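Shared between the two complexes below is subunit A, which pairs with subunit B and subunit C, respectively.
== the complex of A and B ==
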C-alpha cells in the first residue's frame, strides 16, 4: 500500500512546494482580496441596516465574506493549466504513458495546487480580518471565531471535503479539456462555480423557494456548506446532512471522472507537432 | 493614413485574427456575458430579500451598475496593450521597436490587441441599463440622456487613465502590477452602488483619489432625480465627470515621464 501511494505523495509534495514559491503574486492577491472583502462587507452592512432579520445575521454574513476571501484559492475555476497546455501541444500523450493511474495522479496534483495556493493566503487574511480589524476598532466588520468547538471540528471535516470536491471537479475539467481538445471546455466552470457555491451572495440570502435546490446541488459543498457549519447556521443533524451532500458529490465527481477518463484514454488522439 | 484610420485597420486585423477560431471566440464572448450577467442576477437576489439598500431600489442600482459596467467594458476592450505592457513590451524590450516606428506609442499600444470578448460585459452593462430604464419611471429628456452618456464617457476616461498609470508603473517595476485589478474590477464592484452607502473614508477615496464617484455617482443620481442623497446640487453631476478626464490627463503626463525614463531592458 505505502509503495503504491508513493508517486502520488511525491507529486503532492512537489506541487505544494512549487505553489509556495509564488510569493509576489500571493502578496498582490492578498491586497486585492482585502480590498474586495472590505467593499463586500460595507455593501452587506448597508443592506442589513434596513432589514436586519435574515436567515443569517450580518456578523455571520461578514464572517462568510472573509472566509470566502481567505479560501478563494480552493475554488475550481479552471482545469489544471499544465494539462490544458499539454492537450494543446500534444504532450498529453506523455500523461497517457506514465505508469501510474492518471486519475489519481491528476487528483493529487489538484489537491496540492488548491491546498498550496490556499495555505499561503489564509493566514495573512485571518490576521488582517480577525486580529487587525478588531484592534483598529472595526470589530463589527471582523472575521469571527467558529460558533462552538463542535462547529470548529465539523468545519475541519467539511472544509477538507470541500478541498476534495474542488479537486475532483478540477480532474473532471481536465478530462473535459482532454476529451474536447480545447481549454475552452473548462470555461463553463466559472459560470457554474461562482453563483452556485455562494461566492456571489451567500446562498442563504438567495430566494427562499430556491433553498432546497441550492443546498443539494454540488457546488454548495465548496463554500456555502462549510461556512454555514463554521458559524453554526448548520448545526447537529443539518451539519451532518451538509457533510453527507459533500461526500455524495465527491463520490459522484470521482466516479464520473474515472469513467469518462477511461473512455477518453481508450481512444485518445493527440494534436500538436 | 491618419491615426484613426490606422486604429480602424488594427481593429480589422485583430478581428480577422480572432475570427479564425469562430467557435472559441463565441464561447469566450458568451462566457463573459454569462459570468457578468450572473453577478447582476446576484444583485437582483439581494434586493429580492432586502427590498432596498439605504433607500435605493433595485432599478436605481441597476442604472449605476449599467453605466459603470459599460464604461469599463469599452476601455477593457481597447487597452489590452497597456494592461499587458510590463510583460509584453518592457520585459521583452519590444518597446524599443514601438518607439522607433514613426507613430505615437499610444496608437500602437491600443492597436496591440482588441478584447472583443469584452462585448460580453458590454452586453451585460446594456442589459442593466435597459432593465433600469424599463423599471424606472423617469421623465426622459435630451438633457438626461446626454448626462448619462457624459457619465459613461467620464467613466471610460477614468478607467483608461488607471490602465495607462498601470502601464507607466511598469517602466519601473517591469512586471505588470496586478494589484491595479483591485482598482479596476474592484472599482466596477464599488461604483455599482451609490457612494452614500459606504464609510466616509472610502467615499473620500472614490471622490478624491480614484474619482469613480465623480464620474458615476453624481451624474447618475442627477438623472435619477436623487441628487438630494449626494449632498450636492444636481448641477454638480453635470461637471463632476470632468474629473475622469482630469485623471486621464494626469495619467498621460505620467506616461510621458515614464517614456522619458525608459532606457530599454532588452537583451
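== the complex of A and C ==
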C-alpha cells in the first residue's frame, strides 16, 4: 500500500466496516424499498396502459425502478452525519489537526459510506426482484439482466462514476454545512437529487424539450445515465456521452469542493471553547 | 533557537449582531451588522525546547485562541508565529504531523470504535511505522494505565478514562510539542493527579515541550515552572511561577493556636485576619516584618500551643492579579 494513500484508505476501510454493522437499519431499509418499489411499478404500469409509446419500454422502466431501489443508498441526500455533528459540536477543528488533505479525507469517507450502505442492500433487493419474482410467476414485473455484455461493462464503469459523483457531492454538502455552521445547509440536497436524478420518475419520461437539460445536469449521472446504459437505452456513442457527462460533473464537484473548502478554512472562526 | 516563537499575534473575531426585537430581526435580514471582538492583542512570547509553560487567564482571555493558532486551526489577523521553524497555518500538514493536541472539552477519537481501533486509524492517518507504533503504544498504555479499556468503545468510557485515551491518542505519533487545552476540566481529584504526574514525566523524561492552558491553579502549581497570565487578549505577565507569586503577594500568613483563652491578641507588625476560637490567623508583610521577630513577640505575650506560616492560596494570587489589571471574566 502506498504511504501516500494510506490515511485515506484507512478511513475508507474503517468506515466501510462500520456501515456493514448497521444490519438492522439495512433490513428496515430493505422492507421499505420493496414496498416503494411495488408502488412505483404499479404507477408505471397504469401510466403505460394509457400511454404505451414512450422512449423506454415498460419492462425497462420496471428494471429502472428495481435498480433504483437496490442502489438507493448511493444517493447523496445529506452531508456526512459525522461532519454535521462535528460542525455543531465544534469538534470540526480536529479535522484541521490531521496531517492529511481534508477534502481527500472527506471524499474517502463519503465513498466508504455510500458503498458500504449500498453493499448491504443491493443483494437482497436483487434476490427479491430478479430471482424470486420470476420464480413465482411474476417475471413480467421483475428486474431484468443487462441488455448485452457491452452494456454490463459500460454499466460497471458508469455506476462507479455515479459513486464518485455522489461522494463528490456529499463533500460539497459537508463544506456547505461547515461554512454555514448548521446541518440544515444540506437540506436542499434531497430536493435537487430526487427529481433530477430520475429517482422519482425516469428522466426519459419527461417532455422532449427538457431532455437536453436533463441529460447534462449533474444529477442524471447518479441514476438515469447508468441505468439507461444498463438496459441498452443509451448504447455506443450515447453511452460514452453519458459517461463523459458523469466525468465532467465529478471533476466540477471536486474542484468546487476544494476551492470552497480552502476558502472556508481561511475564514473559519471558532471562538469560545 | 526557540522552538516556539510568537510575535505580535493578533486575532479579531467578527460576530454577527442584531438589534433586539422584531424590528431588529427584520433590519438584520437586509443589513448585517458585525461586532468585532479582539481576542488576541499583540501577544508575544517564545518557548525553548523541553519547556513546560502554563497559560492562565479568565474565560475569554484568549488562551484557547492562542492554542488554536499555534496548532494551525485558526489564522491570526496579524503578527506571526513559528513552531519548530514552520508557520502553522501555512505549512499545516507538515506542522500538525509534529504536534499533539488535546482539547479537554473535545474528542479526537471515534465515538463508536473501540479505543485501540481509533489508535490504529490514527497510526495510518499519521503514517506511523508499525513497529514504532507498537512500541509507543505499549509505553503509553503502561504509563497511562489504559490496558483495560483498549477494547471498549469510546462512548462507554468515564471522563477520566476518556481523557487518558485522548492523551495517548495525541502522543501516538511522538510529537515534539504537546498542546493541552484545559486537560483536567471535569476530572476527579485522582484523575487530575495522575494526569499531572504523566505530563510532568513526559516533559522531564522525553523532553516534550508542553504548553498547557487551565483554570485549575493546582495544575499550574504542580506542573509549570513558567507561567503566562493572559487577560483581554494581552500578555499580562510572563515569568516563573515563584516570581509571580512573590511579586503579587508579599503577604504571608501566620496561624497560631493559643493554649488557653486569650483576650486581645493584637501584635505589632501584623493584623488579625480571622479568628476561630483559640486559632488566630495573622497577616503580615514579609518585607517589613521578620517572621522570627513576630513569633517572638506573640510567644512572649501569650502561651502558644502550635503555629505555622503559610503562603496565600494560588487562587487568591491570580484573583488579585486580575483585579490589578482589570482583567475580569470577559
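FYI, the second predicted complex is superposed on the first by the 269 of 273 C-alpha atoms of A that agree within 3 Å, B and C clash if a C-alpha of one lies under 4 Å from a C-alpha of the other, contacts with A are read in each partner's own complex, and residues count from 1 in each chain.
Everything below uses one rule, namely that contacts are C-beta pairs under 8 Å (C-beta built on N, C-alpha and C of every residue); 3 or more make two chains touch, one makes a residue touch a chain.
Please read these numbers as outputs of a predicted model, since none were measured by experiment.
Participant: Does the subunit A-based superposition show subunit B and subunit C clashing or fitting?
Facilitator: These partners fit in the superposed model.
Participant: Quick check on the superposed pair: does A:98 touch subunit B, subunit C, both, or neither? Answer first, second, both or neither.
Facilitator: In the superposition, A:98 contacts subunit C only.
Participant: On the superposed three-chain arrangement, identify whether subunit B or subunit C touches more subunit A residues.
Facilitator: B
Participant: Between subunit B and subunit C, what opening angle does the Cα centre of subunit A see in the overlaid model, nearest 10 degrees?
Facilitator: About 90 degrees between subunit B and subunit C, seen from subunit A.
Participant: Once the structures are superposed on A, label A:195 by its partner contacts, choosing first (subunit B), second (subunit C), both or neither.
Facilitator: first
Participant: For A:134 in the superposed arrangement: first (subunit B), second (subunit C), both or neither?
Facilitator: A:134: touches no partner chain.
Participant: Check whether A:146 is in contact with subunit B, with subunit C, with both or with neither, and answer first, second, both or neither.
Facilitator: In the superposition, A:146 contacts neither subunit B nor subunit C.
Participant: Looking at the overlay, does A:11 come into contact with subunit B only (first), subunit C only (second), both, or neither?
Facilitator: second
Participant: Upon superposition of the two complexes, what minimum C-alpha distance (Å) separates subunit B from subunit C?
Facilitator: Least C-alpha distance: 10 Å.
Participant: Once the complexes are superposed, what residues of subunit A are shared between the subunit B interface and the subunit C interface?
Facilitator: No residue sits in both footprints.
Participant: Help me check something: in the complex, which residues belonging to subunit A touch subunit C?
Facilitator: 3, 6-7, 9-11, 14, 18, 89-91, 93-94, 96-101, 266, 268-273
Participant: Taking the touch rule as given, give the residues of subunit B at its contact with subunit A in the complex, in rising order.
Facilitator: 24, 27-28, 31, 34-35, 38-39, 41-42, 45-46, 48-54, 175, 177-179, 181-182, 186, 189-190, 193, 197-199, 202
Participant: So in the complex, which bits of subunit A are touching subunit B?
Facilitator: 24-25, 28-29, 31-32, 35-36, 38-40, 42-43, 46-51, 54, 182, 184, 187-188, 190-191, 194-195, 200-201, 205-207
Participant: Note which residues of subunit C are touching subunit A in the complex, please.
Facilitator: 13-15, 37, 39, 64-65, 68, 71-75, 92-94, 96-97, 101, 103, 105-108, 110, 112-113, 117, 120-121, 124-127, 182
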